[in-house]
Amino acid sequence: MAPVVLLRAAVATTGRFPALAGVDLELGQGEVVVLEGANGAGKTSVLRACAGLLPLSAGEATVLGHDLRRDAAAVRRAVGLLGHSPALYDDLTVAENLRFSLRAAGAPAAGRAELLGLLERTGLGGRVAATAAGRLSAGQRRRLGLAVVVGRAPMLWLLDEPHAGLDAEGRTLLEGVLAEALAAGASALVASHEPEVVVPLADRVLTMGGGRVVRSRRGGRRRVLAGGAHVA
Amino acid sequence: MWRDAVLVAGKDLRIELRSRVVLHQVLPFGVLVLLLFAFALGPEHGPLRQAAPGLFWLAVLFAGVLAVQRSVAVEGGEGTRDGLRLSGLDPAGIFLGKTVAVVVELLVLEAVLAAGVLLLFGAGVRSAGLLVLASLAGTAGMAAIGTLYGSLSAGLRVRETLLPLLALPVLAPVLVAGTRAWQLGLGTGPSGGSGPWVAMLLVFAAVYLALGVLVFGPLQESA
Amino acid sequence: MSAPAPPSPARRPPRRALVGASGLAGAVGLGVTVWLGLWVTPPDVHQRDLVRLLYIHPPIAWVALYLAFGLAGVASLLWLWPRTRARLWDRLAASAMEVGVVFTALTLLTGMLWGRPTWGVWWVWDARLTSTALLLVMQLGYLALRRVPADPDARARRSAVAALVAAVDVPIVHFSVDWWHTLHQPGTVLNPELDAKVHGAMAWTLLLGFVSVTLVFVWLLAERYRIEALADEAADAGLEAALEERWAEAGATAQAQAPAGVGS
């Protein structure tokens, strides 16, 4: 089966700086790969490149069956990126933000009942749903960003420091929805500074440095068997 | 494309309803421009009435730049630009939606400014239909140019200063044709046929709406 | 993304010689035009000695308004079209626009010099002067946009769209200002009554003016293009260096990681 993400000698520059200096990376279906490394090692750039936001200047790249260098728009439609600062309109309410994002994506779960369920699930129900997004705390903004990703139900999750800013309950929520998506056949690429939190979730851990992958090791995730049955 | 345009226009107008930035800041600015023109030209109604059509369009143009700046700023929030690119929306739909939202905002503004011109400068209406038609066509062209250049300069730190420099010279034909059409509509200028001027405004709007639909996709690739 | 860049013209001596020749021919041609225009040709019946400015003003205007702007517009379109996209077109558009600014400014200047004795004032809100002034501002806007530091690809994209928007505007501006007010005499050379107005030595001088100014433009354009290509080359070399620096960094990280065991 073709890998979900395949990068071969991928180079990407921001300005004149080579953020990615020849990245080789492969992510299989249902796999969770964690990227670790110092600040500026290129973790976020890998995620942005895989999301079709950072154009590659050299190398090959396929994401979810789309050639990244030819059809970045299709990649952008298909992936779910949870970045440092989720895309929110501060003047709209939480519910309106979620509805706009899901309708824009043509997501199946854009109905009223699904929206309410999603908000409840992410701890943004009730009064919070009618609050302007600009008034949310950082943790709540992350939750709203997470709700958008869950609602879009992407086959590839790109998570940038997913635990940052989330409280214990939020972290449980994050890991819960991620596990569900994985069970449904999705894959995930996670950039993080907190190995103690993410390594147990990972099949593989890649260390990045200088815009390249310099080392690979096994993570602590209990694999889902090929047949689909949970080992855990 | 049309579905996405409706979605984006609805979103932008809802944001305006909530934040009232155009209503509470841009609209008063437009009225202020009219007052300042009066101060510059003197208190007699004669010259003011003569100049009314041009002053109206100049005020609309300046306020229009601000309205477009606001429309860009709405998407300029940290992460929001990426959000729009990741949204799955058709770029042409985004362009049309944002343009329509700016048009609606500017039409409200123009209604108030038109009332101001009639009241403050003592102008009378000869052909209301012509005034409305010219405003609609001129505003559509203006909003199309604004949205196009707004998106072009969106990611740049110098966008506030760059946008007027890019947009205003291109909008000169709207100013010329809009002013001539309004002179005929208000009966203040030399008489003549309004056909060419209205046609020019319509052609301008059509050309730039079409161009925007075509190039907005490639433009979004760079950010 | 950008197609492989064509081989740099900097490394092609034959073309360089051609460029130099066009510059030289243009300069000589201009010199002869000035000589013919000032000493050989007779003064005009109506315009007297003022007619001598007309050997140089229309050629400059032709280069500024049609050649430079048209070239920038077409090159931008070719860049935007995915099949023909190449850095060549971006460089060409940028060079044409930048050299064009000089010619547009000269068009305005010579136009005003002609206007002062003809109309008695330096500036008249005449259709062609006004649209040329607008054009100058548009060109300055384009150059300002290019100045903004950005990714080469992003800059090319933005610039191409801006040039296209401006280029499409040129005919609309022309018509609007033309209908708005016109005092200018009708075009001299594109006029059907050409033979009746300009003849003999005057026609030849004007023709020479057109050819020389065009050659000078071609020379400036080629040189400007070469600078742009060299700048691109330098940037690419800088990128290579930056990549190697980045690899060294990667190597250091790998070394630091290797002995340290599989922690946590």
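A, B and C are the chain letters, set down in written order, and residue numbers restart from 1 in every chain.
Note that a contact is a pair of C-beta atoms (placed from the backbone, for glycine too) under 8 Å apart; a residue touches a chain by one contact, two chains touch by 3 or more.
Everything quoted here is computed from the prediction, not taken from an experiment.
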Overall pattern in which the protein chains touch one another (line/ring/star/complete/other): complete
Pair with more cross-chain C-beta pairs in contact, given A-C and B-C: B-C
Centre-of-Cα separation between chain B and chain A, whole angstrom: 39
Distance from chain C to chain A - Cα centre to Cα centre, in angstrom: 46
Gap in Å, rounded to a whole number, between the CA centres of chain C and chain B: 31
Junction residues of chain B - those touching two or more other chains: 221, 223
Overlap residues in chain A, where contacts from two or more other chains coincide: 55
Chain C residues counted as touching two or more neighbouring chains: 150-151, 153
Chain A to chain C touching residues, read off their complex: 11, 13-18, 21-22, 37-38, 41, 55-57, 69, 195-196, 199, 207-212, 214-215, 217
Sites on chain B touched by chain A in the complex: 4, 7, 11, 14-15, 18-19, 74, 77-89, 217, 221, 223
In the complex with chain B, residue positions of chain A that touch it: 51-53, 55, 72-73, 76-77, 79, 81, 83-92, 96, 100-101, 103-106, 132
Partner chain C, residues of chain B touching it in the complex: 145, 148-149, 152-153, 155-158, 162, 165-166, 169-170, 172-173, 176-177, 180, 196-197, 200, 203-204, 207-208, 211, 215, 218-219, 221-223
Complex contact set, residues of chain C against chain B: 80, 134, 137-138, 140-141, 144-145, 148, 150-151, 153-154, 157-158, 161-162, 164-166, 168-169, 172-173, 175-177, 179-180
